[in-house]
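Notes follow the structure.
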């Protein structure tokens, strides 16, 4: 495992690289302009910026929920802009993603939800009949235990609190045995203590599994607290790329084009 | 899975098991009672299809112009009149059947139950009874559809009234206006689009119901249908069905256009 | 357009339409007056003195109607699934299958159930079996439409999440869409069952089994006491079935 925290990151494998990537939506809005970035194995990266600055787009381009309009994005050795659907699915297998609204199957049990993380690796007949293998089930149970929610395995997903549901979502992503973990505003719907708990869990998991983790946040203090590396976006371009600890108020103003405000901070957590 | 100590005990899915068992029993009982049989079905299917085939074009146009149009027009008139009047009568009753406007709990309960009662009567039964009393022809059909439309619109309207914003109504109440005025000025303006939509919906159902009502002689296209079936003139049966279908589609389109213009 | 102008215009349009539609009906006060006493005697014969001795036959026929409704609705519930999937707009990229599906479902819905009954009597003979098939085919129309609309309203978030795991569309349908919509499908089937108990009672009149047959018989014979028993029993059955079904649907929500 390479030591990411002391600038030896260049030695770790590049898992994602943006090569002159631009993204313009069908309605004409240009979300990203000529982005060039490299993300390495094991890094914990937080992307910050105003709404509409391109944070979400940047993350969603990695697993091609959004397609780059020019340039390309190289993910796990594959340039993804023009690959076939089947190839895309194969690449997505190794990328886990969690969302602001958890996006669980509400009426299904927690365990069933985590098991759906294995669907991509199942042959069609097994997927249709819902016949997961024993190793699938063992893995799902392991992931649930990892996030500390095994006792709720048979509860319906919508019976859980927000923080618990997010943990199930994380377990589902882990069940994919991913190399990259994406998180699109994972804590925006959670209260501060729970939000900090989830960020801590994410960071710990990322470290233990050696995952490249990219998180979207709009709370600057959280970014600085948890990130090894912060990417600041403004109007679709990268205006800051460096360790969170080094961020100054001037950097902040470059990203947000204004002075820092209280509502840009998440606030204290009970550590 | 049972090797994992931390995994909680899987709760026994009582509801699903009991539900499935009861459903299975009911189905087996029904299959026996109705003598459902796939072999008989396979045997009989060609005859069924022949019936439908007999209804296909080419259609003799003289039937359409000569015999079809007057009853069709009569059906449309009956359906229209029944839905309009039924809706008009349903309006005040709908207010009383909604817990937001009804003056007290008794009125609400009684009206709701009465509406439910009316809606349980199959319209054919109603038409048959009315035909006995008032003689066959368009009138009993109209009355049957009137009662039916009244029931349908009143229930739908009452449900809608229960979901509206009470603000305007309460505001008018503070001026000391009577309940009727509150309803007229506070509630009614909010439900106009739905009111029209439900009236048109009743109109559409009524046109479709005409084929059934004709069986008891309650006027309209249904009577023509009955005679054509009796004479085994399946081509004409096909024409009648197709024209009824076209009329219903027209009303549907008309209804969507009107609703779009209003909302 | 001011409120007053709009109201006046509406009145100007609606009144002639209403008058025209009422005119074709021969609605004279005389006719109503003549009918009322007849209606009153009829009603009293029917409901004040129903023929309770006739009950065994009524019971048997009622059970038959329930069986027709149950089996017919169940068949429709299953058969409507592929139609619903076809007609749902959000499952494939092209709008073509969905449009075809919706037109087909509309055609089935509008096709008069009575005609379906006739068709199946032709192929299967008189009796309840024909009734089952008529109810089944007719119900596919409404159930298919309800299914399609429900599928079109699924939670997009969960689908997006599973797409990002690299699961195939079929797997997503099976594990994300189906668990979400199936309880609602069952609700729809129960609702349609309610309606079918009513219509099963009716199609019997042309010979498709159930209580409709004796309804027609006693109507022709003008035997009001028996007719009254039939009507009372039918309404009572419908009420009971409705309330049980409503309770079950509440539990499902």
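We just call them A, B and C in the order they show up, numbering each chain from 1.
By definition in this document, a contact is a pair of C-beta atoms (placed from the backbone, for glycine too) under 8 Å apart; a residue touches a chain by one contact, two chains touch by 3 or more.
Since we're looking at a predicted model, the values are computed, not measured.
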- Task: Tell me, please, which chain's centre (mean of its C-alpha atoms) is farthest from the centre of subunit C?
- Result: A
- Have a look at A-B versus A-C and report the one with more C-beta pairs in contact. A-C
- Query: Taking each chain's centre as the mean position of its Cα atoms, how many Å separate subunit B from subunit C?
  - Reply: 8
- Between subunit A and subunit C, what is the gap in Å from one C-alpha centre to the other? 49
- Centre-of-Cα separation between subunit B and subunit A, whole angstrom: 51
- Do you know which subunit A residues sit against two or more other chains? none
- Note on the structure: Interface with subunit B, subunit A side, in the complex: residues 137, 141, 145, 150-154
- Query: How about subunit C: which of its residues touch subunit B in the complex?
  - Reply: 14, 17-18, 20-27, 31-32, 34-36, 38-39, 42, 46, 63-64, 66-68, 70-71, 74, 106-107, 110-115, 118-120, 122-125, 127-129, 131-133, 198-199, 201-202, 205-206, 209, 212, 215, 219, 222, 231, 234-235, 238-239, 242, 251
- Message: Quick check: in the complex, which residue numbers of subunit B touch subunit A?
- Response: 1, 4, 6-8, 10-11
- Note on the structure: Residue set of subunit A touching subunit C in the complex reads 63, 65, 88-93, 95-97, 99, 101-108, 112, 116-117, 119-120, 122, 124, 127-128, 130, 169, 172-173, 176, 182
- Query: For subunit C, which residues are in contact with subunit A within the complex?
  - Reply: 155, 157-158, 160-168, 170-172, 174-176, 179-180, 183
